[in-house]
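Both complexes shown next keep subunit A, but they swap its partner, so subunit B is in the first and subunit C is in the second.
Now for the complex of A and B:
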């Protein structure tokens, strides 16, 4: 006998939503740290570092996140490391986010007009000072809208974490759907939850874009 | 001329860009207090020359001594020269995320290690000198082109440079803004600043230049007092050039 799709199921799905947001936050923090390193490597004057970073970005951007996830989880287990699903996910998502954020941020830094760098250098500011006080503050303005946009994608992509056993929103929906056999209602509810989280962020990104271009 | 008065000393300085030579064996001496105007048709190498003086472009051969420091590929020589030279660009290159006064304070604080108060006092003094102290807390985008260029001059001056380099400072300005910038430059020159100006403003050259340098195809082909240069240019190239811009 199937259960009725009830408020308790919705509450259960909300706990899943909590995990979804948590995973996205982990990915954002981990991805930002690794992405910063990649960005610095990409814009450094050392061609070897820059190439390594570029290669990394190409490989990760050209690989499905699901496959990265399988490698991080099943691959490491196969090699004999016992790795918690959450750790595998934190690592895979961070690596994935880093590749995109690194690229977004490199683009932002390089789109600051070259005259800004020259102005800073002509004043005697060192490269590090020019970067810190002149280039990066302007690059942040340029990078904010696409970064926020990427974060929305990241939130949705956390649904992939269900395949390695994290009981996030998509996984809770599967469970509830199996128990109630009401897939349409259940998945529409899940879609609504994703939307309610992502839409305000999209709006925020739009308004940032407007404000920063003004 | 004593060695300590030399601000620029160039011997056979050459610069190549992929496939062509922008500067050919340039010899140039500038001493303290001089105002030099560099002119010439576009592509003659005048901007490249002035940009080599603070190593925004690096020369590849010859010897270039600026403010007593020999410019080499070494970081220290480049940093030392840049600390003693001020540059004003065609497109201002003000920092848009900083207010006018912050634009003038950042280098004294970060390069010279001045305190915030000290840097603010210095910046205020130079903003007064270019006649825009009241704009100190605005952002560059809120100012007219002429005002922005004067901020750029104040920003360069606030490092108290030994020489000011001007790279076509009025070329990007609306005609009605040119005057105020040139007036500021004339004042500077009359106060005894050492200036090297790439400009086509021949009235400016007549008023304050000690020497006009005419460049063509990477060579300095004439160099002399403005009266002589304008009245009796020696080369056909200079005559053609003057005919085109003075009419």
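Now for the complex of A and C:
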């Protein structure tokens, strides 16, 4: 006998939403750390480091996230790590986010006018100091709107974790849909939840962009 | 840790080739439909009639702010409740087209907005019909200027096709899941599939570079 689609189901889906946001937040933090390293490698004067970062970005951006998740999910057991699937998936999302953030931030750093770097050198700042005090502060302003925009992509993409059994919003929706046999209502509710989380962030990203160009 | 053993995967390469072919077919179909939807949606949002503009803007925002897999589930599992039951492959192409169309429309809108008013006035002064002006003065230069963004979007569309394996479409990822079930060589199969996707992306990029030269030769004129 099917259950009625009730408020309790919606509450259950909301717990899934908590995991969705949590997973996206972990991926943003992990991806920012790895992404910073990638960015520095990408803009470094060492061609080998730059090439390695470029290759990493090419491969990760050229692989569907779902396949990346499968590799992480099966890979950890394959390599003999006894870590929870959730941890493996969180790490995979971080590596995925790093590839995109590394690309966004490289663009931001390279869009800081060359004169700024030259001015810093003329003032006797070392390369590292020029980066730290002159280039990066300006690049952060440029990089903020697309980074916030990418966070929306991350929140949406955590939905793919449902395929490898992480009980986030999409997975809880599947469970409720199977129990109630009301897929239309259930997935519309899920879509509404995603929209209510993502749309304000999208608007925020756009307003940042407008403020920056004004 | 066991040694990687690809023999079981290679033995099923006929399945893999079928999967690649289906991935290519649904992705190309979705790209064409997404482009058509994108042009229509961009024109409707720019046309000025607010009764046309608002529904289109709502469509774009809803699609861009909800996950693709939920859209796929809504179309495949949800629409039968409204009396529309689709085969997995049709549902996949429909979902990918709707999804790709929303992103494509934003790109094309930016392209159309970049066309100077003077261009259109010049077209009118030359006695071109509105349709001719739209086709040759607005759309073609607009598409040519946003072509790199379109290619990036099409690559994302190609990669998103892996998601439709969740509604049992036997495309590349779905085939991978099947082979995984047959051989239990999960690590090997997904590594092979990842490499194939990277190859498909590279091929798409290469194909698009050629297409750009064919469609927009004026971009490559030596001045």
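Keep this in mind: the second predicted complex is superposed on the first by the 213 of 214 C-alpha atoms of A that agree within 3 Å, B and C clash if a C-alpha of one lies under 4 Å from a C-alpha of the other, contacts with A are read in each partner's own complex, and residues count from 1 in each chain.
Rule of thumb we're sticking to: a residue touches a chain if its C-beta (ideal position, glycine included) is under 8 Å from a C-beta of that chain, and two chains touch if they have at least 3 such contacts.
Quick caveat, the model's predicted, so the values are computed rather than measured.
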Looking at A:115, would you say it contacts subunit B, subunit C, both, or neither? Reply first, second, both or neither. first
Touching A:147 in the superposition: subunit B (first), subunit C (second), both, neither? neither
Please name the chain, subunit B or subunit C, that touches the greater number of residues in subunit A. C
Scan A:172 for contacts with subunit B and subunit C and give back first, second, both or neither. neither
Pick one for A:32: touches subunit B only (first), subunit C only (second), both, or neither. neither
Considering only touches as defined above, state whether A:205 meets subunit B (first), subunit C (second), both or neither. neither
Tell me, which parts of subunit A touch subunit C in their complex? 58-59, 61-68, 70-71, 74-75, 78-80, 152, 156-157, 159-160, 162-163, 170, 173-174, 177, 182-184, 187-188, 190-191, 194-195, 198-199, 202
Complex contacts: residues of subunit C adjacent to subunit A: 1-2, 61-62, 64-71, 73-74, 77-82, 155, 159-163, 165-166, 173, 176, 186-187, 190-191, 193-194, 197-198, 201-202
Residue numbers on subunit B that touch subunit A, as the complex places them: 54, 56, 79, 82-83, 85-87, 89, 91, 93-97, 106-107, 110-111, 155-156, 159
Quick check on the complex: what are the subunit A residues that touch subunit B? 113, 115-116, 118-126, 129, 133-134, 137-138, 141
